[in-house]
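Okay, got some structures for you below.
Shared chain: subunit A. Partners: subunit B in the first complex, subunit C in the second.
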Partner chain A sequence: MKNFTYFQPENLKDAAKQLGNNWKDRLLIAGGTDLLGLMKHNLERPDVLINLKSIAGLEKIEYLPGKELRIGALTKITDIAEHPVIREKFTALAEAAGQVASPQLRNMGTIGGNICQRPRCWYYRGDFNCLRKGGDICFAVEGRNKFHCIIGGAPCFIVHPSDLAVALQALEAKLIIFSGKKSKSVAIKDFFVLPDADVYRENILKPNEIITEIHIPEPASGCQSGYLKFQEREVWDFATVSVGVSIKKNANFIETGLVVFGGVAPRPWIEQKISQALTGTILKENTISELTDICLQDAEPLEENKYKVVLAKNLLKNLLMRLNNI
Partner chain B sequence: MTIELNFTINEKKITLKTEPNRRLLDILRQELNLTGTKEGCAIGECGACTVVMNGKAVNSCLVLAPQINGAEILTVEGLEKDQRLHFLQENFLKHGAVQCGFCTPGMLMSAYALLSKNPNPTEAEVKEAIAGNLCRCTGYKQIIDAILETEGDIK
Partner chain C sequence: MSSRKIIKSKYFFEEDFVESLAEVPVEKTEAWASGAELKVVGKPTQRKDGYDKVSGSAQYTFDISLPKMAFAKTLRSPHPHARILNIDVSKAKKLPGVLEIITHQNTPKIPWYFGMSFLFDTTLRFEGDEVACVAAESEHIAEQALQLIRVEYEELPFTIEAGQAMSEAAPKIHDTNILRGRPDTYERGDIEKGFAEADVVLEETFTTQTAVHNTTEPHCSVVNWDGDRLTVWDSTQGIFSVRDGIADSLGIPASHVRVIKKYMGGGFGSKLAAGKYTVMAALLAKKIGRPVKIALDRKEMNLAVGNRPDSVQKLKIGAKKDGTLTAMVHESYGASGAYPSGAACSWPFRTIYQCPNLNTIDYSVYINAGPGRPMRAPGHVQGTFGMDSIIDDMAEKIGMDPLEFRLKNYAEIDQVGNAPYTSKRLHECYQQGAAAIGWYQKRRPAGSSPGKIKKGIGMASQIWWGGGGPPAYATLKLNRDGSATVIAGTQDLGTGTYTFIAQVAAEVLEIPLDNINVILGDTGVAPYGPSSGGSTTAPSISPAVRDAAEQMKTKLISGAAAILEVPERELSYRNAVISAITDSEKKLGISDVVRQMRERVLVTTGLRNANPEGYTINSFGAQFAEVEVDIDTGKIRLLKVVAAHDVGRILNPLTSDNQFHGGIIQGIGFALMEERIMDPMTGKTLTTNLHNYKVPTVMDTPTEIEVIIVSDSDPLISNTGVKGIGEPAHIPTAAAIANAVYNAIGVRMKSLPMTPDKILHALFG
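On to the complex of A and B.
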C-alpha cells in the first residue's frame, strides 16, 4: 500500500476542508473494509486519508417515537442488526444488516461506508481498464456477466452491492449530507444514479461531501417491512438478488406498498408497477403470484443472467407470503 | 508521516511509532512478533487474520494501524495462560478441529468473541459466528462441535 498522510479532523468543517474537489487524492475512511480492498488493488491511491472516526457524534442510534429513527453514518452494521427498536419497527433494515458480509466485517463496517461502497464487478475490481475506470469499453457486455444487472444498465452494467441501501429505500430513508458549510437532506431515491447519468460514480455525492446521518420516518400503524436475500455461497456473499418490501395493511388488504430489488440494477431498483398494483389487494397465494408476474417486465438480461428475473419474482413472492403469514 | 500509537495487546500496554499505511496484521506479525495471526486473502474473505478488538472479532488485514489507537486487542497468543492452553483450544484438539492449522487462530478468535458474549450458543449461532472463517480441511463439523463443547464462562 502506498504511503499517505492520515488526517484526524475534530469536526465536520475540518474534514470537509481537507477533502478536495476530485475523487483521486483525498478520501474519507470510515471502517475501511471496502477502502482497504480498493487500495490493495490500486483502484484507489490517495495521498491523504481523512478519518471520520475522530469526529464525535457520528456513531449513534436515536429513536424519536412517532417521528423518526436517526442513525449516525459511523454506526456499525452489527449494532444496527442487533438494535431492538430497529428489529421491531424497521425490520427490513435489521434483516438486511444481519445478512451483510461476515461478523468480522459487520463489526468494522459502517452504514455510511456500506451505502458508499464501490461496485463489485469483477472487471472493475480486476485488472481491466473499463468504462467506469476511464477506459473505452464495458467488458461485461461480451464477457462473463452472470452477476451483472438486468435493468437500468448501459453503458455500464454493475449492480449496486449494498444490502442496506435496498432496505433503506424500502423504508424511504433520507440521507443528511454535509457539504462544506451546511447540511442538506436528500431522499434516498434521489441519491443513487444510473450509469447513463454518471458512469464513474454510483451516487450524487461530491468529493467534498460527507454523509452524517440517515433518517427513517416512523412507519405508520399497520406497517410491516422485510428483506430477503439470495446468495450463491452459503456463508457470506453479496446478494445475487435481494428484495426489500414495506407494506401498510388495513384489516386484510394492502393500503400501500413499496417493493425494491437489489442485485438487479446499478442502484436499488424501485418496482413502480408492482408497488402501485399492491394497493387495494388482499394478499393470498394466487393473488401474490399474479402480482409478482408483472414485475421486472422491462428487464433486458445479458447472456448469462436471465435467471435473475425468475429469482427476483420468487424472492418477492416468498417475502410477501412471509409478511402475510401465508 | 509517522504516527504514535498507544494500545493494549493481550493485556500488555504498547506504545509504538509507525507509518499510517500499515495494517494491524503487519503490526502484529512484524513489529510485535505475534505470528499466530495468519494472512490469507488480505481482503476480508477468509478470516485467517481474525483478532478480537474491543470485544469484537475483526479482520486484522482490513484494520489500518491508526484505527487501533486506544484499542484493546486480543490475539491467539493471549488465549494461553501460564503456558496452559485455553480450554477452547483443548477442545479444538480433542475434536480434531485442527488439521493444517492455518485457519485455527482465526477460528479460535471468532469462537472466543462469540462465547464471551454468549456462553451457551446454539449450533446456528456458532455457524453464524464462524461464517467469515474459511477452513479448507475439516468440513467445519469438528470445529462447531469443539465450540459447542466449550460452554460457560470462558474468561
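On to the complex of A and C.
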C-alpha cells in the first residue's frame, strides 16, 4: 500500500472540492471494506483519501409514506437489512442486504460503497494487466471463467458483484449524485454501464461526483418484491447468480413485473422479455416453468459457466413461486 | 533408572516409513488394560491452554515482539518458470527505513529442496519462488521496498498440469519431470488371473484437486542472534527438524540454534520443516544486528508453502457375483509441484480390502507450481475418494449393499506387510456407524429420493498408520511443593498435547491436574521429541510421559522407604501419599519425601517403548454422511456425519471430539469447495485469498457430527495403548460424502470438489 493523505471534510462541498478529475489520485472512502483491499493489493494507489464518514447527515433511513424511501449513501448494510419498513415494503432490498458478505462486512460496508465496489474478477484482483486495468487482453476469455458473465460481456466479462444493486434495480431506485455545485437524480438503470460502453468503469459516475442518497419509490398497492441469492459457500461469498423480482398483482393476475439478475452480466441485468411476459399471467407452477424457459435466451456462456443459465432459471422459478406462495 | 537399549526403529511418518536408531526401555511398563478404571486419562478434561486462548493472553509466534525488531518481506517470482538475468536493488535500498536486502548476489549458495535448488536460485520454477528478501523498520516499508526492486527475468516455457508435464514435449523442470524418473509400484498375486475369475469388471477414472493447507496462523518466525547463537520462534510442527534445518543451512552447530514454539494456529503438514523464510530472516538479522520478524501473507501461503497434490486415478476392479474381490488395479499421477513431494495415493487401495491380486502404479510429476507438502494424511484422502467410489459402484453392480460388500472383503491381516494387526476393529466401526446414521432404515436406492431436494446416505472406510514409536522422551520434575513439571520436545499444534501430557502424569502420580505444569516446544530445554505429524504425537509421547511418571513413583517410594525405614514392598502409594501397609501411622506425602531428599527437585526421564515386532499398527474407521442435494442449484448440504473409529485409547474425549470435528469440516471443504485454481495461459494461481480459495465456514458444517470410538485401548502398542486420530478424522469424509451424493442423485461424481456447477452439469448437461 502506498502512503496517502487522509482528508476529513465536514460537508459535501468540501469533499467535492478535494476530488479531482481522474480516478487515480483522489478517492472517496466510505466503510473502506472494498477500497482498503484494493489499496493493499496496489490496484488503487491514491495520493489522497477523502473520508465520507466525517460528513454529518449521510447515514440515514427516511420513509415518506406514499412517496418514497430515502437512504443516505453512508447507511450501513446491516441497518438496511434490519429496518422494519424496508423489510415489509422494500423486501427485495432487505433480503439482498441480509445476504451481503458476512456480519462484520455488513456492519462496516455502506450502501453507497456497495454499489460502487469494483469487480471481483480474479484476474482483475490478481497481478494480471488485463483490459480493465489498461492492458491489452481479457484473460478470462481463454482462461478460467466459471464465475464470469454469460451475457452483456465483451470485451470484458466481469459480473457486477453487488447484491444491493440488483435489488435496487428491481425496485427502480434513483441515485442522487452531487458534483460540487448541484445534485442530480439518475435512474439506476442508467447508472451502470456495460464494458462495450466503458471497459474501465462499471458506472457513469465521474471522479468528482459523490452519491449522497438513494431514493426508492413507494411500491403501488399489490406490489411485492424479493431477492434470492445463490452462493457456493453459505456465507462470506458473492452471488454465483442472484435474482431480484418485483411484481404487482391484481387478484390472481400479474399486472406488471420486473426481473433483474445478478451474477450473469457486468451490470444488474434486466430481463425485458420476462418482465413483459409476466404481465397478465396467472402464476402457477407450470406457467412459471414456461415463463422462465424464455429467460436469458441471448446468453453466450464461456467455456466454464454454462451452468449459470440453468441456475438463473431455477432461481427465478423458485423466487416467483415463493412470491406467489406456491 | 530402568535399563535401556538401542534398537532400529521404523514407523510411518506422513509420507513414508522413517527408520532410525532409538533408545527404548528394555522392558515396557505394562499397559493399562482395556477397560482399566482410570481416574483422569480418558475423562473429559478442559484444555490446559484453554484460558490463555479464550482470554487472548496466549502468545503465538505471530505475536512475539522484541525490542528493536525489524520486519522482513519477500520478493517472489511473478512467473511460473524464469531465469533471473539481473537484480537491481539500488532504488529499494535508498527508501528510508530499509535496512538490508538479500538476494542470490550477496548470500551463500545454501542448498534447498534436497539439493535440487538453493535458498536463492537463479532459475525460478514456480510463481512465488523466492527472489529477494528485505528487512525494514516496518512491514509496510519492507513491502514498498519490494516494489522498487528491479528484476530482469528471462521467461521460460512452463507446464502446470501433471498429465501434460509427463509428455515428451513438455518443458523440463528438472532432468525429467517424473520424480525419481519412475513411478512407485506395488504388486501382489496374478492380476490377469484375478480379472479372469471376475464376473464383473469395472474401470473408472477419478480426479481430485490441489488443496492448500491455509492454516489460520500464517507461517512466521521471529529470529534473534545473541553472539553466534540463534533463537528462533517459529510457528512449527517440528522444533527439532526446524533446528537442524536451520543449523545445516547456516552452517552452524545445532547446539547454537534454539527453536521455541508455544502456541500455534494450525499446521496440517505445511509446517514440518525449516522454511526458507526463517533462514532468510536469520541471514538478515545477522547482517543488521537486530531481531527480525517475518510473516507470510495469504497470497504467499497459497503459492509457496505447500499443498496437497492433485490426482488422476484410473482404477479397475473385478469381483465375483458373490461379492468377492478378485483383482484391483490403481494407476495414478499427481502433481508434486516444482520440487520433490510424494503425490502417490494408492496406500489405502493396497490394504484396506481383501484382494489377492493387486497392482498399483503412482507417478509423482513435477510441474511449475508450488511444491507439495504433506497435508493431513498424504495420499489417503484422494486415494480413499477414488477407491471407495468404485467399491460402491461395484457393490451396486452386483446388487449388494455397500456395507455388506465391504464386510465380505474385510482384510483380517495386513496384506502388504503380511503381518497381523495389533488391533483391528473396523467391523465394529461399520456396525456402530451404520446404526447411528440409520443405514438400514433410511437408505434408499440411488436416485430414488423424490422432489427437488434429494437426500442420500453414503459411507467410506479409513486406514492410516498413526502408531508412532521411539525415539521420544519426556522429562518429569517433581518439585518440593509436590507439583510436577513435564518437559517434552514435542509441540502442541492446538490439538491438546499440553492437556493429555498433564493427564497421563496426573493419572500415575495421583496429583491434581492444576499441579502439573507442561513445557513443550523448546529445543533449548527439552529432550528430543518427534515432529507432530502422521498422527504420531500422542502415541509417541504419552508412553514416555507415563514411563517418566512411573519412574518417579518408584523413586518416591524408594525415598519414603529410606525415610520411614520400611521395605519398599510394604509401602503403598495412594493419592500422592506413601504409607506403610501394615502401619497406617507411618506415611509421607510426596512433598515431604522431596523435602527430605535434599535434591529439592527430583528428575526422571521416560522413554517411548519399542513397537511390538511382527505386527502392523494401523488405525481404522468408517464415516457415514447424510446429504441433501438441491437439484435446482447443485448445492450439497451436509445433514449429518457419523465418524466411527478404532483409534486405540482416547486420552481426552473433548480434544478428541475437536479433532474429529476439525478433520470432518476440512473433509467437507475438500469434498465441496476447496481448490487451487491456476490460469492455463500464464501459469499463475488465481486462488490466492480466502474468498477465491473457499474454506468452509461454520455455516457450511453439518447440523450434526457424531463421533463414536469403538476402541478402548491397543495394549500391544505401548503402555498407554494410544493410536493417533488427527489424520484418521479427515481421511474418509470426502469419499463418504461423494457416495452419499451418488445415493441422492443417482449420478456418480468422479471429480472433486463437487461444486454446484459440476452437479448441475452432471444432471442437466
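Heads up, the rule we're going with is that the second predicted complex is superposed on the first by the 326 of 326 C-alpha atoms of A that agree within 3 Å, B and C clash if a C-alpha of one lies under 4 Å from a C-alpha of the other, contacts with A are read in each partner's own complex, and residues count from 1 in each chain.
Assume a contact is a pair of C-beta atoms (placed from the backbone, for glycine too) under 8 Å apart; a residue touches a chain by one contact, two chains touch by 3 or more.
What you see is a predicted model; the values in this text were computed from it and never measured.
S.K.: Look at A:Phe192 in the shared chain and tell me whether it touches subunit B only, subunit C only, both, or neither; answer first, second, both or neither.
M.R.: In the superposition, A:Phe192 touches no partner, neither subunit B nor subunit C.
S.K.: Quick check on the superposed pair: does A:Trp236 touch subunit B, subunit C, both, or neither? Answer first, second, both or neither.
M.R.: Touch partners of A:Trp236: subunit B and subunit C.
S.K.: Now for A:Tyr63: first (subunit B), second (subunit C), both, or neither, which partner does it touch?
M.R.: neither
S.K.: So in the superposed three-chain picture, is A:Leu49 touching just subunit B, just subunit C, both, or none of them (first/second/both/neither)?
M.R.: first
S.K.: Applying the touch criterion given at the start, work out whether A:Gln104 contacts subunit B, subunit C, both or neither, answering first, second, both or neither.
M.R.: first
S.K.: Classify the contacts of A:Lys2 with the two partner chains as first (subunit B alone), second (subunit C alone), both, or neither.
M.R.: After superposing on A, A:Lys2 lies in contact with both subunit B and subunit C.
S.K.: In the overlay, answer first, second, both or neither for which of subunit B and subunit C A:Tyr307 touches.
M.R.: second
S.K.: Going by the contact rule stated at the top, is it subunit B or subunit C that touches a larger number of residues on subunit A?
M.R.: More residues of subunit A are touched by C.
S.K.: With both complexes superposed on chain A, which partner does A:Ile29 reach: first (subunit B), second (subunit C), both or neither?
M.R.: first
S.K.: Looking at subunit A, which of its residues have contacts with both subunit B and subunit C?
M.R.: Touching subunit B in the first complex and subunit C in the second, residues 1-2, 235-236 of subunit A appear in both lists.
S.K.: Tell me, which parts of subunit C touch subunit A in their complex?
M.R.: 78, 140, 143-144, 147, 632-635, 673, 677-682, 684, 686-689, 691-692, 694, 696-697, 699-700, 755-757, 760-761, 764
S.K.: Can you check the complex and tell me which residues of subunit A touch subunit B?
M.R.: Subunit A residues touching subunit B: 1-6, 8, 29, 31-33, 36-37, 40, 49, 51, 53, 78, 101-105, 107-108, 235-236.
S.K.: Going by the contact rule at the top, pick out the subunit A residues touching subunit C in the complex.
M.R.: 1-2, 42, 120, 122-123, 125-128, 139, 142-144, 146, 230, 232-238, 240, 304-307, 310-311, 314-315, 317-318
S.K.: Can you check the complex and tell me which residues of subunit B touch subunit A?
M.R.: For subunit B paired with subunit A, touching residues are 1, 3, 19-23, 42-45, 47, 50, 53, 56-59, 61-64, 66-67, 110, 113, 128-129, 131-133.
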